[in-house]
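Pasting in a structure now, in structure tokens, and then I'll have a few things to ask.
Order of writing sets the chain letters: A, B, C, D, E and F. Residues in each chain are counted from 1.
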Amino acid sequence: MQSVFLEDIDAETYAAYITQPHATLIIPAGATEQHGPHMPLGVDAMLSRAIAGVVATKLGSLVAPTLSYGYKSQPRSGGGNHRVGTTSLSGATLSGQVEDVARSFIGQGFTKVVILNGHFENYQFIYEGLEIAVGRAREMGLDARAMLLSYWDFVDEETLEKVFPDGFLGWDIEHGGVLETSLMLLLHPEKVDMSRAVNHPPAQLKPYDIFPEDPERTPASGCLSSPFGASAERGKLLLDAVTNGVARAIEDEYSLSLESLAVR
Amino acid sequence: MQSVFLEDIDAETYAAYITQPHATLIIPAGATEQHGPHMPLGVDAMLSRAIAGVVATKLGSLVAPTLSYGYKSQPRSGGGNHRVGTTSLSGATLSGQVEDVARSFIGQGFTKVVILNGHFENYQFIYEGLEIAVGRAREMGLDARAMLLSYWDFVDEETLEKVFPDGFLGWDIEHGGVLETSLMLLLHPEKVDMSRAVNHPPAQLKPYDIFPEDPERTPASGCLSSPFGASAERGKLLLDAVTNGVARAIEDEYSLSLESLAVR
Amino acid sequence: MQSVFLEDIDAETYAAYITQPHATLIIPAGATEQHGPHMPLGVDAMLSRAIAGVVATKLGSLVAPTLSYGYKSQPRSGGGNHRVGTTSLSGATLSGQVEDVARSFIGQGFTKVVILNGHFENYQFIYEGLEIAVGRAREMGLDARAMLLSYWDFVDEETLEKVFPDGFLGWDIEHGGVLETSLMLLLHPEKVDMSRAVNHPPAQLKPYDIFPEDPERTPASGCLSSPFGASAERGKLLLDAVTNGVARAIEDEYSLSLESLAVR
Amino acid sequence: MQSVFLEDIDAETYAAYITQPHATLIIPAGATEQHGPHMPLGVDAMLSRAIAGVVATKLGSLVAPTLSYGYKSQPRSGGGNHRVGTTSLSGATLSGQVEDVARSFIGQGFTKVVILNGHFENYQFIYEGLEIAVGRAREMGLDARAMLLSYWDFVDEETLEKVFPDGFLGWDIEHGGVLETSLMLLLHPEKVDMSRAVNHPPAQLKPYDIFPEDPERTPASGCLSSPFGASAERGKLLLDAVTNGVARAIEDEYSLSLESLAVR
Amino acid sequence: MQSVFLEDIDAETYAAYITQPHATLIIPAGATEQHGPHMPLGVDAMLSRAIAGVVATKLGSLVAPTLSYGYKSQPRSGGGNHRVGTTSLSGATLSGQVEDVARSFIGQGFTKVVILNGHFENYQFIYEGLEIAVGRAREMGLDARAMLLSYWDFVDEETLEKVFPDGFLGWDIEHGGVLETSLMLLLHPEKVDMSRAVNHPPAQLKPYDIFPEDPERTPASGCLSSPFGASAERGKLLLDAVTNGVARAIEDEYSLSLESLAVR
Amino acid sequence: MQSVFLEDIDAETYAAYITQPHATLIIPAGATEQHGPHMPLGVDAMLSRAIAGVVATKLGSLVAPTLSYGYKSQPRSGGGNHRVGTTSLSGATLSGQVEDVARSFIGQGFTKVVILNGHFENYQFIYEGLEIAVGRAREMGLDARAMLLSYWDFVDEETLEKVFPDGFLGWDIEHGGVLETSLMLLLHPEKVDMSRAVNHPPAQLKPYDIFPEDPERTPASGCLSSPFGASAERGKLLLDAVTNGVARAIEDEYSLSLESLAVR
């Protein structure tokens, strides 16, 4: 295949691919959300798609079109849903979209589906849609399996220490911070403008949510921690950790063999 | 702005854009669907996004991330939902997605929204979601307006005659035919392989639908008419007709002025 | 049976009917919508029911109670949803109603179901409900088949030329025009008052929709084309074309034999 | 107006009607359900529509198209949902239909809406839809009021004694019994075949429901009590009691005046 | 087991219980609703739970956590939904909750499920959820059965005469009256303050509902009949009648044997 | 008031309470889920209710009836949804329940609502329901505010060190471990049987989810970490940390004053 991206290949090639025993489909899930003044609104969608692409190349998988809109941004893990640029789906729509899309692919013959999440707040609603889709497919007698993961959960301790030499404070405040900025500097450098990046201490978040949101409680930059310290080199460390980890997990779960795939 | 695509710009630039009186948002809606052996699965998403991009450049509009999955393909206007490669949303999910996304953008301050459709079967479900979103926004006292269009409805008679010199048989059978192939040859030539195109007479479709679908009733190619005759030149004629027509319609509805915008 | 209308026959007769190999059920779908000053609000429901009755008589089918409320009227194919007299269902409710009703009838033993549509805007939402109902029934192992059609799609070229001697401009603008008025003059003449009919040129519709609707863009009469030229004779030509065409299509799909049925 | 039935009048007459201070709309709600071997499947729809027609004539009201399909028949008040001929909506669809239809009519200007129910099992789901529709309309600042009633609740004691001289056993077992049969003998005698009526003791129902239903627990006739004793005369007593009672209740609630209306 | 309440036992004991042939689960359904000045808001939940507990003790059943919130209180059977203290679910949420919970328990192996209702307005929405859950489970090949009952339907004539020596006026007006107050005086005497009870004639209810509700039409006390005459002794009569009746019905339906169970 | 539990107080007392400026409502949300062989199925509901009760006593708040059923247990934070004893709601039902209940209470006049969560997997679905309820209430012009918290997020570092002297491994694996067991030993000691507790190393969880769940991947005990080390004393440390922290947060957000409340 000339591309790992499903939208780029034709139906006959696609049909032939599905019949192969190692056929695996990765669906990236992102969001359209503000990421501070130094990064574009599409960060979550771009990163989940790019990471899925690297993993797919390693494994001989296909990557489905990205779910570009995500669940409501929450102040405890993102900038908050009130911010301009943050465009959100309701939980029901996101779960429904995942259910429909997963069911379509399973119905076409995929038995190995992966959703690779790149927006913190999406996880539970994707879980719900995927649980229903796989459950229903199996009730119908189809052989269906799926995995769900958020890519940052595959960054290992060693990489963390290198990327955050001053200490790592948690993935929840990495919205617009070193993690995402480093990956963007590596993968889409032309879409990052570090001259506009704002340096500020990490957001001091309350351990609860309030409704309506209070815009005063998250940094004016829209980021929950400073992107200073981000670099393409750190992006490379992160990308390698994530894509190796994810590829290995998929390989394990679906009994793929990276070696044998390398020669396809 | 460096890009007309919303996902490429940062939140502050975006926030400033919305406050301008001519601020207009175009949301492309496509599908992930087989388009014969000579074209990729993403044709509908690619074309609606590319056309939206040209129109946005003319008008100084922004283009939102594409709705990449569409309503179930129907034999009377597409290859049919049974075909491998055709990945579909239920009507409720598509309408819900449109409602949520339109409501988000209207809530952020857009008063001029356009959905540019590139997949025949989507229209009514987008209509439903948009009607609800605009209706609810206006009940809340927001100044909200929206337009919905399918791009092929802007091809004029003169262009039709040039592109289909042997006579035009209707948009419904243009799935995978001269229209889409010509536009793809112009806009994404590297994704078209004319050597794999199949020449066959136009599909003779029944004037009704049956359930379950009968795969025998549509051509094995997955196209409803032959792409032979498609060319980048014809693609240019089509693109010009469509983008000029759509831009003029948006201009008329939203009282924009192409001239004044040209200098932004 | 004394009547082709299901609501008129008793449960035992009905139960016996279903066991016959040719048992076929036709469900008319209409709307409650303004049709100009010369015709009543129930035109779509009345015509779909009457046409279904004629077809059922030809085929020995049964006609279910009409779905009397339809999807929102759209300016490009009806008067628009803003008009007084136009009473509409949401897409979800219409699809749900079709799904529930079709599932009930299939569950009772019908394997041959037809929905005969008489309101342009209904089609996709009926399609969605029917697709789900048949799909689910088949997943459960039931032998279920269904057809969906809009009656005007069965008017042949020859009839078109006779009914529209000055040229036919498309079914979309036939709302309240010659087609519907002629059929009403034939089938329910006492409900038409031609003295109140308004003569005006065909609506010049834009090739897109706007939200909110603009009442100024469709003729004040509520009709999209003039009913002048309508007559019971033309209604007869239309009715014959439609009912013969529909009966033949059902016969073909469901392997009925008109001859053998004639003697029941 | 030439007819009290909304579907029979034209949009202009209808629009003028709504502006009158006494304008009142009655929506009949029935079902499509077996009613024993002596009566047709449409009894509930026919009776609710006919009773609404008489009340509307008394009050100068309009009658909307009947909701012809109802909620699942239950053994404790009907024949049970398992019976052939019983075609049912889910609760969500019925509530949604009521909500949509009521909202449409309120949106067109009706401030006085009545739903006249003729199928026992419908009541709560209609209540839900109507409560939501009126609640939402009032939130939007519309002056909306509605009534919901089942027609048999207006039979007074004196009439009960005349119609059931041997004692009245409760409305729940009147499915297919003396009440409905007498009204049908009066209003649609040609659709009743008393020679097929089955005489049997009243159903001895358990004070609870079981799932799945047990067909053995309700009489094989499909009726919960015997129709013997039904007559058009008793139908007249019932009709008068019901229509007078309902008309008076509407009059009271909506401050109409029967006298003044009589001369319209 | 040390408790009949499922929430009090551990998972292993629970798992062992389900494998027993007589394993039966009773789910109480109540409401959170005003019950006059002399009784607490939780009456419906408390009574359904307590009655389920007594029945479960007789039968060796388990009692699931109570559904504590119910459908909207209606003036014809409760105080009305407008009253402070009355907290309600929509019909869809209540049906969904019943469907989900019943499906979970059936999926865990229960073949004998009972829902014991203690709030008049809940019945139809519980019915809908239970019908769907059992129907779906059986489609999947599971052996699932369920019962649905309101506890007051098991009070026999003899008990009625003792508890209401001046005549019984119907369960619908027993909201906050002698039935509920007597049971509370027996089961939760510390939560009743008879010194605050208000004596007033039974509510004279209209045989229909109006929207919006009119607070003037139900007694200011929030009760539809006077609690005077309530006593723990009458509570005992009622409790015995109800629990014996319900236990016998479950025993009959599910072929349990009270004697054999007594020795467990 | 004699009780902080809303279900125990009468409507008049409740109505008077709401009018007080400090009136605050806490809604506990739990689950019905296995918690190993040493603890009962109701742990999450019991703990959230008990903690809410202590906080309410401190603040003069009311506690609403507990949401006793929760979202599907997930292996990464609970035992997994496949385990016997784990009874779950779909995401839509849980969000719907929260939306309905919050809307009811806000509609009755509460401006200060808190949901206190005790089941990890619930959080996002409660968030969704609460976000919608508060958003809609504010659109209607109501003064509505809400907070959402999980109680364990209020355990401070100092307490953590005392309760987990060997190091704290994360809340996600505290399902059935020291946290919950200690709190149960303090609050409901009679419902814990430490002789049945299983000692095992903490679950080694994968950083992703798979569908269908694999029962082999979580400990057979159903707990994700060992309850050994749990004690009532540690429960007291935890309870104090949590209730003080939660009370202070509510006080801060809602400008209550603990001192002034003490004398009510």
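In this text, a contact is a pair of C-beta atoms (placed from the backbone, for glycine too) under 8 Å apart; a residue touches a chain by one contact, two chains touch by 3 or more.
The chain list, named the UniProt way, goes like this: A, B, C, D, E, F = Creatininase.
All values derive from a computational prediction rather than experimental measurement.
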Over-half contact-pair match to A-F, picked out of the listed pairs A-B, D-E or C-D: D-E
If you average the CA atoms of subunit D (Creatininase) and of subunit F (Creatininase), how many Å lie between those two points? 47
Measure off the straight-line distance from the CA centroid of subunit E (Creatininase) to the CA centroid of subunit F (Creatininase), and report it in whole Å. 26
Subunit B (Creatininase)-subunit E (Creatininase) separation of Cα centroids, rounded to whole Å: 55
Hunt down the residues of subunit E (Creatininase) that sit against at least two other chains at once, touch-wise. 90, 92
Neighbour-by-neighbour ring order, given that subunit B (Creatininase) leads and subunit C (Creatininase) comes next: B, C, D, E, F, A
Of subunit A (Creatininase), residues touching subunit B (Creatininase) in the complex: 5-12, 14-15, 18, 32, 34-42, 45-46, 64-66, 68-69, 83-90, 92-93, 96-97, 99-101, 104-105, 108-109, 191, 193, 196, 222
Looking at the complex, which residues from subunit D (Creatininase) come into contact with subunit E (Creatininase)? 71-72, 74, 81, 90-92, 95, 121, 123-125, 127-128, 130-132, 134-135, 138, 144-149, 153-154, 206-212, 245, 249, 253
